[in-house]
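Next come two complexes, and both contain subunit A; in the first it sits with subunit B, in the second with subunit C.
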Partner chain A sequence: MLQGPSAEHWLGTDTLGRDVLSRMLYGISPTASGAAQALIVFLALGIPLGVIAGYRGGLADQVISRVADLALSIPPIIIVLVVIVVSAGRPVAAMASLGVLGAPGLIRVVRAASAAVRDELFVTAAKVSGVSQLRIMRTHVLRRIRGPVVVQASLFGGVALLFQAGLSFLGLLDPDRPTWGAIMGEASTVITQSQWLLIPPGVAITLTVLALGFLGDAVRDASADTDAVATAKASREAASPRTSTATSAALPDPSDYVLSVRELHVHTTSGVPLITDISFDLAAGETVGLVGESGCGKSITALAVLGLTPGGIRIAGGGVYFDGTDLVAGGEAAYRRIRGSGLGYISQDPMAALDPVHTVGSHLNEVLKLRGVGSSAARRERALELLSQVHIADPQRVLKSYPHQISGGMAQRISIAIALAGRPRVLVADEPTTALDVTVQSEILSLLHELQETTGLALLLITHDWGVVADICDRAVVMYAGDVVEVAPAHTVFTAPTHPYTAALLAADPSIEHSGRLPTLPGRVPAPGLWPQGCRFAARCRLATEACSEARVPLIKTSEALSRCLHTDLLKLEKRA
Partner chain B sequence: MTRFLVRRVVAAVPLLLVVSAATFLLVALVPGDAARSIAGRNATPEQVAQVRTELGLDRPVWTQYIDWLGSAINGDLGTSLINQQAVTEQLNARLGATMSLIIGATVVAAVVGVTLGVLGARGGWLGRTVDAASLIGFAVPTFWLALVLVVLLAVKVAAFPALGYTPLGQSPSQWMASLFLPVVTLAVPATASVAKVTRDAVSDAMQRPFVRTLRAAGVPERAIIARHALKNAAVPILTIVGLTFIGALTGAVLIEQIFALPGLGGTAVTATAAGDLPLIQGVVIYFTVIVIAVNLLVDLAYAFFNPRVRVS
Partner chain C sequence: MSTETVLDVRNIKVGFRRKRREPIFWALDGVSLSIRPGRTAGLVGESGSGKSTLARAVMGLQAVDGGTIEVAGVSITASRHLSHKRLARDLQAVFQDPTGSLNPSYTIGRSLGEPLVAQGVARRQIRARVEEALVRVGMDPSAADRLPRHFSGGQRQRICIARALMTQAQVVVCDEAVSALDLSVQAQVLNLLMDLQDESGLAYLFISHDMNVVRHLCHDVTVLYRGQVMESGPTSQVVADPSHPYTRALLDAAPVADPERQAARRAAQVRTGTATATGATEEGCPFASRCAFVQDRCRTTRPPLVQASNGVSVACHRFPEWKSEAPPTSPAETAPQGSSVA
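Let's turn to the complex of A and B:
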């Protein structure tokens, strides 16, 4: 009796000399069936009620959700105990009641998932085309909720197993059947004589629950959308940091500029190039517009300048010089010294750019503290000064406001105020007006222009709007498919573009006066990784010849501009004609 | 704020009614009842019937319920059928141990879980370790952990008492010692859940665009996590801490048995075993009120951390 593991009894023997291994194996069935009973009730109640509440909405939703919320505030153990008494310890009743009490959690999850399906276009389309409600629920809704349901089911399966084991351990569930919990209960009575008996049931329960947890995680990961950047290994060749020799000779010395980007390459961590060989300069007080269609790498360039590329994306080569110092070479420490004090940033979506749980005042206070503004009174005074600098009419009140209490235009002014708090010399503005109303757009632009005149700020403005370039930029840097294709002064780029892409963009811009019908630019920007070996614009270009596709085109100096085109002469002739 | 509180407390009333009525009904369905166990095994049917009449158990269920409700409103939850002691008196005497255990476990879980979750949110090997640890913590049965801890820390090394409870008023140091093992046991799965939710919520918050604004303004990473990401993650974290507390109530039933703590959980088990309706009913009411109170606290905390809730 109470022997440890031996060749004869692999897991030893118990108090009555019985083989533990065979009792453990025999215990699988009642243990698992207990958990399964709870799980079946859990699913049978949770899925239909959740789908009805989420998909149908209205009164059904209100009733179901209210009852589910109510049920969630009942501690399950106490009800299960009562049920055990009522059913005279029948395990089925106890486990089924656990399933009932767990169901509200599933109802919530399923409701949320199916409510999301209800409003989707394909479901509306199916309804319009006369597909029956039941069929929509069965096909579209069920497919959508499958993932979350499997995750919930695996978690609840674990909970039910632990619950079943706990109740058997206490001897409340049919104590004569050797469930794993009951075996452990037996072990606990002889704990001072032998501790070995605790191990087999404990390990068995833990591993089973773990396995269920892993199953849930695996299903969740499999159902999550995996970003398919993998397609892109194809033309890594085209983008390795080597093609820069042709241009570097012509580039000026970075120490003459407040900001210089040199031969910058940004790749994903899997090696897909996003921008290649980007170079441009920004002098003190100057405004440079970074122009191009969506997907050309403008925002990535802006973020790389700040050293804030998102996860999975890294700078693969080149430099970002601030006041002649290379931040890329200096690493995160160098960037940290410059961010906020040398380089400021404002983003595309001003509402999302502010932390929703902090007031405007708290944002400014935090940043000013970092800049060493000593007393809180001084910080408050400076915050008010910054707010009036960005023309906020009622700074006292706005300081106390939360982001959701202010308008988009005001949020952008506040972003600018936050950026200005460290008196930066360069402001990187990533499409600062895109998300705003047209009237507000021009206000923000004139504010930026004014700040530049009063503070000598240099502005790197990312935009796809030629009107913005015309309004406030000194120079335009045109990007296409991760490349700089043209660098030109603002006063010549409109009249004499030196790259066919620039010309095509201008021709398609509705804000510029055209005679006759507005031409469009057919095709789209090739995705990163799918860039051709030669000129990346060749496929969409009117002037493309075989030479364009043969090898990478260098940036070529024309009288006023730099252009990555072999046919600048043709373009010039065409314009003149 | 007062109106919010009043509304929530009023909303709790129907819940208490439903739960108490349901318990009454369920227990009324029991074939054998307390009268039989009080009268003894060898009692004749007549004797049992007499006990039943004495206790008023022969009246219709609804009459019994209305009666009970009438006195419950005045704070009287009746007397135990088994030992004739007032239910409230009996339960209040046992509230201390249970609350010490549950609050202790929840506080430990919240502090350790949030710390681990924040460390895990920074990713890398630490993130994977926290993930694995929380998975294991969730999977280990508490009663097993309790036994293992007893073997290691009470039997092999007599560092803590294996059984029993010393009230706080009697000796604070022994109170701590008597609670150490039960609290640790109960806190392990709770810590695992809190750590997991915190890790996910903080990682999510770190993906939000405002983090870029803060980084660009030179705010150090540590301050972004502590002041911004954590505060934005507060709602899911509070939710899980609230659920943890309710879960600890369930766990307490087991843990109190193992460590022989004189708490509500133990009362619940013995009362159910004896079919002592007033006592069961009392435990149900106590548990439900505790849950309602915790949910209310969690809701108030939501409002504290989320300005949008505050306004609406």
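Let's turn to the complex of A and C:
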């Protein structure tokens, strides 16, 4: 009796001399089944009610949510004790009632997850495909809520196990059955004679609860989307040898321009090149359009020019010269001097650039304070002046407005006003009109054009829209797969493109009159890291020859343009034909 | 009721009310349009014009407060309880965001099979029909076993088009279906839509904000502004000689990829006032507050939609005299030398 661990009894013996190990092993069944009973009730109630509340919404949601909230405010232990008394200590009744009382927590989680799925486009698509509501709930919704349900279930499993152990410890549940809780309860009666007896059930309960928690996390992670893994793999595959910089001797002196980008290379921190050897210039009062499809590196170039490369991406070489000074070499300090006062920025989504809890006036005030405009009266005056400069009809009223009270076009005007506050000499505009209606786009473009004429602002405009280039750009810099493939004056790029990619992209534009089928470009832009050795466009190019794939093609000067193509003469001939 | 049309929208109204006692905001106010087999009807308008609400109503996702919608001769507005299963046989949709419209954890085959499963088609047949649809949109049949993340945006949109073909629907609603795509991919998808139409006489309701795309693809076009039809008619007519000042403004505002022509268009652009966020008086023409040719009656009485000429209908009090006050449209497209696309 009450022996410690020995070779014969690995975990010792109890008060009646029974082997603790075998009692522990036997105890797994009633312990686990108790927890499982609670868990089954928990899931059987929580998932369907949560899905119905979240996916159907409306009255069903109101009723289910109210009842769930009410149930959450009841202390479970009291109800369970009442149930034990009423059911004369039947463990099933006790554990089932615990499941019922735990279910509202799950209902809430499932409801939130299902409500999010309801608004997914693929659910709308399924509905339009004729899939019944019940089926959508059973397939799309259930599949999406798996993760949170698994986590909730494992957490609740742990709670149920502890609860079950607690009730058995107190001897409230069928004291004759050797559950882990009951073994512990027995041990506690002889704690003065032997402390050892407490340890096996204690360790078993602790480890099981912990294991359930880890299991839940692991299952959730395994079932989650593996997108992250896929990208990591792609970037590892991508470690291509760094191509030697094909320096073009023809580049002009940066000090002649307000902004010059020279042989700029931007890589991810793992070494995948995103843009390579980017060079272009921007003179005062000039508008340069940076054109290309998504994935060609337009936005990365813009961010690198501003010194705002996001985490995981770094400038790997080259320079950005502002007024002849290299900002890349000067580091963050050089950028800080120039940003706002030298370089302004407007983004595609003007609403995102405005803080919803601050008025337009306080946005402008803050910027002007930063620019050292002293008195608040002076700041207000300048703010009004800026707003009228961007043609806002009623600046007094707009100053007091919050971002949600203004339209998208007005918000873009305001973000231009904010950018102008520091009287920058260069404005970098990343797709400034893409999110706007055409009539508003037209107004914003003429505003930018006018500002240029009145203030001599230079504009670097990132766009995918040839119409916008035709409308306000003096020159176009065409990018493809992280490369500048063509630099040309706007009036020649449309009539005589010198790169096959430019030509193909122009041909695909439906704003140019076509009848019938649009000329298309086979394939797609290769992802960073998967760029071929030679011309990156070769695989999609009609004019490609072996020479194109052999070595990197430098930017070649033609009469009016720079082109990264070996066959500019062929293209010219074709055009004439 | 004519058997000629596969989609017939008659005078539909959809109203929203944020609070009780607030006046109803009419997202759609008496809009009609119809499409015959093998034709594409464009629906253009800016944000807030009601074009997405119309798309949702046609797909049976938005209850209407008036008017009727018939798909292949069957009313979807007659009964309160719409059978999506029934509607899906005749009408399918392609949405703007191809990534969001495919369940990321379903294989392509499962997503494409879904409309057939809903119709109760036997599993054995589904696989073959999925592969057939993939081939029709220019994809490899093996795509059926892969997940959406393995495909580019353009390929995903092809897959979404394939899904719309699964039930052999006669009408496909394309809700900004090419707006999120890059230029070269957009051209591929537009060509695909045209090829499919040629092959099987599909009818498209093509909703877009892009006049250039609409001009290229649509036979007819309806221009919406604040839930009302401003102008509708054959696209070639509407584009070449707009009858409504708003249509003219929309066309003028879309820049063309030619600096010389664009400069000329800029010079000839009809100015519009900035849209006010507050709803205009519901009495007059919804465009009155922005219109360069506005007169008093425009603000007080709503212009009816009347037949102009050449099958064009227009809702403008000042039609056709406003045209004589407007600057001439950009000088007749002087064909630049060597502009022919090789």
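Worth pointing out:
To be clear about the criterion, the second predicted complex is superposed on the first by the 353 of 577 C-alpha atoms of A that agree within 3 Å, B and C clash if a C-alpha of one lies under 4 Å from a C-alpha of the other, contacts with A are read in each partner's own complex, and residues count from 1 in each chain.
Just so it is clear, contacts are C-beta pairs under 8 Å (C-beta built on N, C-alpha and C of every residue); 3 or more make two chains touch, one makes a residue touch a chain.
Predicted model, so just to flag it, every value in this text is computed and none were measured.
After overlaying the two complexes on the shared chain, residue contacts for A:D569 are found with neither subunit B nor subunit C. Judged by the touch definition given at the top, the superposed model places A:H464 against subunit C, while subunit B stays out of reach. Contacts of A:P519 after superposition on the shared chain: subunit C is touched, whereas subunit B is not.
Of the two partner chains, subunit C is the only one that A:E293 touches; subunit B does not reach it.
Within the superposed three-chain model, A:A507 lies in touch with subunit C and out of touch with subunit B [touch as defined at top]. In the superposed pair of complexes, A:D253 makes contact with neither subunit B nor subunit C.
When the two structures are aligned on the shared chain, A:D221 is found in touch with neither subunit B nor subunit C. According to the touch criterion, the shared surface of subunit A, contacted by subunit B in one complex and subunit C in the other, consists of residues 405.
Within the complex formed with subunit B, the residues of subunit A that make contact are 70, 73-79, 81-86, 88, 158, 162, 165-166, 169-170, 172, 181, 184, 187-188, 191-192, 195, 198, 201-202, 205-210, 213-214, 303, 306, 308, 336, 339-341, 343-347, 349, 352-359, 366-367, 370, 402, 404-405, 415, 418-419, 421-422, 428.
Contact residues on subunit A toward subunit C in their complex (touch as defined above): 120-122, 124-132, 135, 140, 143-144, 225, 227, 230, 293-294, 393, 405-410, 437-443, 445-446, 464-471, 490-491, 494-495, 504-514, 516-521, 524, 574-577. Per the touch definition, subunit B reaches subunit A in the complex via residues 14-15, 18-19, 22-23, 26-27, 29-32, 135-136, 138-144, 147-148, 150-151, 155, 208-210, 212-220, 223, 227-228, 231-232, 234, 246, 249-250, 253-254, 257-258, 265, 268-269, 272-273, 275, 280, 283-284, 287-288, 290-292, 295, 305-308, 311. For subunit C in complex with subunit A, the residues that touch the partner chain are 46-47, 59-61, 84-89, 91-93, 95, 97, 100-106, 111, 114-115, 117-119, 149, 152-154, 160, 163, 166-167, 173, 182-188, 190-191, 194, 209-213, 215-216, 249-250, 252-262, 266, 269, 272, 274-275, 277, 333, 336, 338-339, 341-342.
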